[in-house]
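As written, the chains take the letters A, B and C, and residue 1 is the first residue of each chain.
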Amino acid sequence: MTERTVKLLKGQTGDWEIVIGMEVHAQILSNSKLFSGAATAFGASPNSQVSFIDAGMPGMLPVINKWCVEQAVRTGLGLKAQINLTSVFDRKNYFYPDLPQGYQISQYKSPIVGEGEILLDMNDGSTIPVGIERLHMEQDAGKSVHDQSPDSSFVDLNRSGVALMEIVSKPHMRSSEEAAAFLKKLRAILRYLGTCDGNMDEGSMRADVNVSVCKAGGYDKFRATGDFKHLGTRCEIKNVNSMRFVAQAVEYEARRQIDVIEDGGTIRQETRLFDSKAGETRSMRSKEDAHDYRYFPDPDLLPLVLDQAWVDGIKASLPELPDEKKTRLTKAGLSAYDASVLVAEKESADYFEAMMASGADAKAAANWLNNEYFGRLNKAGLAIADGPVSAGANAAIVKMVAANTISGKIAKDLLDIVWSEGGDPEAIVEARGLKQVTDTGAIEKVVDDVIAANPDKVEEVKAKPKLASWFVGQVMKASGGKANPGAVNAILKQKLNLPD
Amino acid sequence: MSLPTKLTDFSLAEARDAVQAKKVSSKELTTAFVKAVADARPLNAFVTETPEKALEMAVASDVRIAHGEARPLEGLPLAIKDLFCTKGVKTTAGSKILGNFIPPYESTVSQNLWDAGAVMLGKTNMDEFAMGSSNETSHFGPVFNPWRARNSNANLVPGGSSGGSAAAVAGNLCLAATGTDTGGSIRQPAAVTGTVGIKPTYGRCSRFGIVAFASSLDQAGPMTRTVRDAALLLKHMASVDPKDSTSVDIPVPDYEATLEDGVKGLRVGIPKEYRIDNMPPEIEQLWQKGIEWLKAQGAEIVDVSLPHTKYALPTYYIVAPAEASSNLARYDGVRYGHRASGPKDIVDLYERSRAEGFGKEVQRRILIGTYVLSSGYYDAYYSRAQKLRTLILRDFTEAYKKCDVLLTPATPGPAFGVGEKTADPVEMYLNDVFTVTVNLAGLPGIAVPAGLTANGLPLGLQLIGKAFDEATLFKAARAIEIAAGFTAKPTEWWRAA
Amino acid sequence: MTVGKDDVRKIAKLARLALDESRVEPMVGELNGIFQWVEQLNEVNVEGVPPLTSVVEQRLKMRDDVVTEGDAANALMANAPSGEDHFFVVPKVVE
C-alpha cells in the first residue's frame, strides 16, 4: 500500500485517528421491482406503484427480477469483486409500518458479491485503495410521511420492494475527505456501469456511515491483527444523502466521540441521524430497543445459482470504467490530475471523448475543457448535458487553435459567441474574419505603423528590452487579435534590433 | 354404469360424465348441493356460502355445455378451503384477524379450477391459519365430523386443518373440495372422515394466493370421495406457475388415465419405524390388511427403514412455527385485517391488533417460532431442525432404492371427541405423527379410506410416493380402494338437528 | 434449555403480541412442555449434515424486467382499516 498521511485529530489526551466504513444503498436501475412487476418510477402518486406482493397481501409470493440480478453481478464485477455463484435470500424480521411483509428480503450469510476494492482519487492526484466487504441485494421499504397530520403517519408503499444493492466497505477510510471521495468514486462507477443513476436527491443512493475513533496507532494494530477492538466503538449514521453531508457528519461525529471519551464517558454502539440543518448527529430514539432480526433463509425462494458462463458474458460486456479510462488518458498525454477530473463524472468523460473523436488533441482538449468550458458551465450553474456548446463545436475550436487558424485569444471570444449565439465555429471564424494573420508582409506593415507612431517608446526599448511586450500588445490590438503572436515577436525583434 | 339416485351422492367423475353427457345440468346439480350445504349448517363446515355465485357459474356452464364448449370440470360444484384467496369473496383463513378480508386477487389453484369450468359453492371452515389437527382452533367455531360413533350422539372432530373440506366431502355437501397440507392437514382429516386426500409433491400445486402457514411445507391438494376423483381434481389444481418460485417445471400428467393399471410388480415398502409405541390394535390390524390387499393384487412387499421418523414431529414443530412467525408478521392491522381500536401508538396498534386478532394456538406457535429464530437459539433449534430434515429426506432416498411406494397408517386413531385433546398441545400434535415426515421431505402422500373401527368410525391408510410420482400413488390407492370396498356413509344426523 | 417468564415477555415483545401478565406464567408452562418434547432432537448427531435449503430440485425462476402490475391503489386500499388520499394511516411514528 502507498504511504499516506493520516489526518490526526488533536484531543486533550493526545492524538486521535478516525476510522470510517460505509454501507451504501444503491437503487438498481430497473423498470420493475425486485420481486414484483410494479413500476419503480420516482415521484408517482401514493400507492400507485404497488403490487399485492409489495403490500404484503396474504398469499402473495416473490419472483425475482432477472435484470436486477444481472445488475448486481455487473456492479460486483465493476468493483473488482468476487461473484458468488450461489447466494441465498434471507428474511430480516422486524415490524415497521413501511415494511408490509413484516420482514425485508435481503441477503445475510451468503451475498451475491464478496470482497472487492475501489480506488479513491484524492485531490492531490494520489489514489487510496478501499476494500469492499460485500454487495448484497435486498428490497427497499416504503415511505412514511410524518408531517401531514399531528397525530398520524401516512404510509406510501411505492418504494416498497424496489431493488437495492447494499454495498459495504471495509473500515478503510481515515478522514472525512476519504469518506466523501469513496461515495464519489462509488457513484461514478455505478453510473459508468449504468446500474444505478446515483441520484442522491431522489434517494437512489443513500449512505450509512460508520464512524469510530481510536488513539493514534490503533488502526495499524487493526490492520495487523484484523481485530476490530482496536478501532473503538462505532456509531452508524443513517441515510446521509450528499457527499458534503458525509464529510460534515464524519467531522462532527468524530469530534463528538473524542469529547465523550475524553470526558470519561464511553461510546455506545448506536444508530444516529445526521441533521443537515444543524450539522449535527443525534441518537435515533425509535431504533433504540435491541433488535433481533431473526434472519433465516426465505422459504419462498430457492438459492440463487448462477452459471459462470453467464457471469463471464456480463464481464465481457462491461464498459470502460473510470480507473481504466484514467490510465488510458494519462497514456494519451494527460496529467493524472486532469485525467481524474475528467473521468470523475461519466458525462465529462463522455464529452471529452466525443471531442477526441472529433479529432481534437487530448491534452489540448483537456486543458480547454478544464480551463475554459467547464468553468463557464459552473458559473452558469449548468450540467454538461444542458450546456449550450456541443463537443463537436468545442473540438472545432481546439483544432483551429492547434492549426494556428485562430489565436488563443480569439478562441475564447469564439467560445463566447458560440455559447450565446450558437452556430458552427468554423463558419463564424470565416464569416467574421477571425482567422489568424500569418502573412508576414501584412504583419510587417502593422509593426512599421506602430514603430512610426511611437518614436519615444522605440528609444526606451533600447534601454529596457522588456518593453517589447508593450509593442506586441499594440500590434495585436491593431490587428484585432488576429496576428500570429510568434510572427509578431520575430518581426518586432528584428525591426527593433532586440537581442535574442 | 348405474348412477346414484341422489345428485349429491354422485362422485366427481360420475357428475362430470353425467353433465358432459347432458344427463344432468349443472344448475340441477348445483341447486342440489346448495341445498345440501344449507341443510348441513349444524356441521359448521362452511365459513362462507356463495349460493348466488354458484348458480351464476352453473348457468354459465350450462350455456357452454349447450354450445359444446364444456371444459374438463364444467359445471361441477366444489368447496374451497378458506385458505385459498378468492377474488371478491371473503377469505378468512379461519382467523378473526382476516375476518372481513376480501382479496382483490384469486389463488392460482382456485383460478385453475374455475378455468376448468368448476363451480364454487363456498369457503370451508378450517383451523386458524391451518394450525391445528381437529378444526377446533377456527375463529368461526369447530366443525363437526359427519361421522358419529355407533350408538352415540357425541360430536367428533373432522380432523384438521382442512376439517371443513373433509366434512363437506364426507357429508356429500359438495362433489369435492380443496385442502392444504402442511403437516397432514389433508390426509389426517381425510382419514378420519372416510374420504380420500392427497398432498402432492411440494411444488406440484402453486402456493400463489394461498394464505401462507409454513412456506416450505404448505401444499394444496384435493379432498374427494374416491381415488378417481382425487386424480381428476389434482390434474386441474396442479400447474406450473411463474408466480410461485417453488412451483416446479414438470408437466402435469393425466393421472386418471393410468389409475386402473394395477399394482402388479409394484414394490411396496413397509417402514418399521411406523410401528409406534401404544399403537391401537385396530390401526395395526388395518395396516396388516392393507399389506395383504396389495400383496394379493401382485405387489411385492419390502421391509424398509426410515430411522429418523421419530424426530419428524419435533422437527416439524420447530420449522413450521419458525416460518409461521415470519409469515404471520404481515397481519399487523395496517393495510388490511383487524385493527385494535384507539391505539396509543404504533407498537400498541401492533400488539393489541395481533393479540385480539390471533387465537390461542396461533399465538402459541408465533411465540415458539419467534423463540427458535431468536439470537442465541437459531443454531440449537432452527438450524438443527433443518439438518434433521436433510436426514429425514435421506432416509426416504435410501428407502426408495428398495421400493416404489410406502404403506403406513394415516392416523394414530379415529376421530376423537370435540374438546377431548385441546388441553395438551403435544398430545394434539401427535395426531400428525404419520403424516408430517412427508411434508418435511416434500414428498407426495395419499390417505385412502380402508375400514371402520369396531364402533363404526372410518380409518385410513397412507401411501407415500417418490417426488412427482403421484401417478403411482393413485394406482396403489385405487388398488386399496378396490380391496377395501369402503362404501359406508355417515347417517345424515345433521338434517334432524 | 428452559424458558422463563422474562423469555416469554421478550419474545412476545419481539412478535408484537400483547400478552397479559396473567398469561405469562401459563405460557411458560406450555412452551416448556413443547421445548422439553423437542429436546429429543439433541439425541441425533448432526455433525457434518448440511441444513436443508429446499426440497425443490430446480433453479430459482427469474422474471423479465417488465411492469405488469401495481397501478391499483383503490384495490390496494379496499381492505385498509384506515386510509386517506390513497395513503395507509397509522398512529404517528416518531423517528
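Note that in this section a residue touches a chain if its C-beta (ideal position, glycine included) is under 8 Å from a C-beta of that chain, and two chains touch if they have at least 3 such contacts.
These numbers come from a predicted model, not from an experiment.
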| item | value |
| --- | --- |
| Identifier of the chain whose CA centre is least distant from the whole-structure CA centre | C |
| Reference chain C; chain at largest CA-centroid distance | A |
| Of A-B and B-C, pair with higher C-beta contact tally | B-C |
| Centre-to-centre distance between chain C and chain A (centres being mean Cα positions), rounded to whole Å | 41 |
| CA centroid of chain B to CA centroid of chain C, Å | 24 |
| Averaged-CA centre spacing for the pair chain B and chain A, given as whole angstrom | 58 |
| Multi-chain contact residues (two or more partners), chain B | 101, 104, 216, 242, 245-246, 325, 329, 332, 334-336, 346, 350, 370, 374 |
| Residue list for chain C, restricted to those that touch at least two other chains | 14, 16, 53-54, 56, 58, 60-61, 63, 72, 76, 88, 90-93 |
| Sites on chain A at which at least two other chains make contact | 52, 55, 63-64, 95, 97, 153, 155, 292, 294, 299, 301-302 |
| Chain C-touching residues of chain B, taken from the complex the two chains share | 100-102, 104, 202-203, 216, 242, 245-249, 308, 310-311, 314-315, 317-318, 325, 329, 332-339, 343-352, 354-355, 358, 363-364, 366-368, 370-371, 374, 377, 380-381, 383-391, 393, 424-426, 441-442, 467 |
| Touching residues (chain side chain B, partner chain A) in the complex | 84-85, 91, 93, 98, 101, 103-105, 107, 207-212, 214-216, 242-246, 322-323, 325-326, 328-330, 332, 334-336, 346, 350, 370, 373-375, 378, 382 |
| Residues of chain A that touch chain B when the two form their complex | 52, 55-64, 91, 93, 95, 97, 100-103, 153, 155, 292, 294-296, 299-302 |
| Partner chain B, residues of chain C touching it in the complex | 1, 3, 7-8, 11-12, 14-19, 27, 30-31, 33-34, 37-38, 40-44, 46, 49-58, 60-61, 63, 72, 75-76, 78-82, 88, 90-93 |
| Residues of chain A touching chain C in the complex | 30-33, 36-39, 45-52, 54-55, 63-69, 88, 95-97, 144-146, 148-157, 273, 284-286, 292, 294, 297, 299, 301-305 |
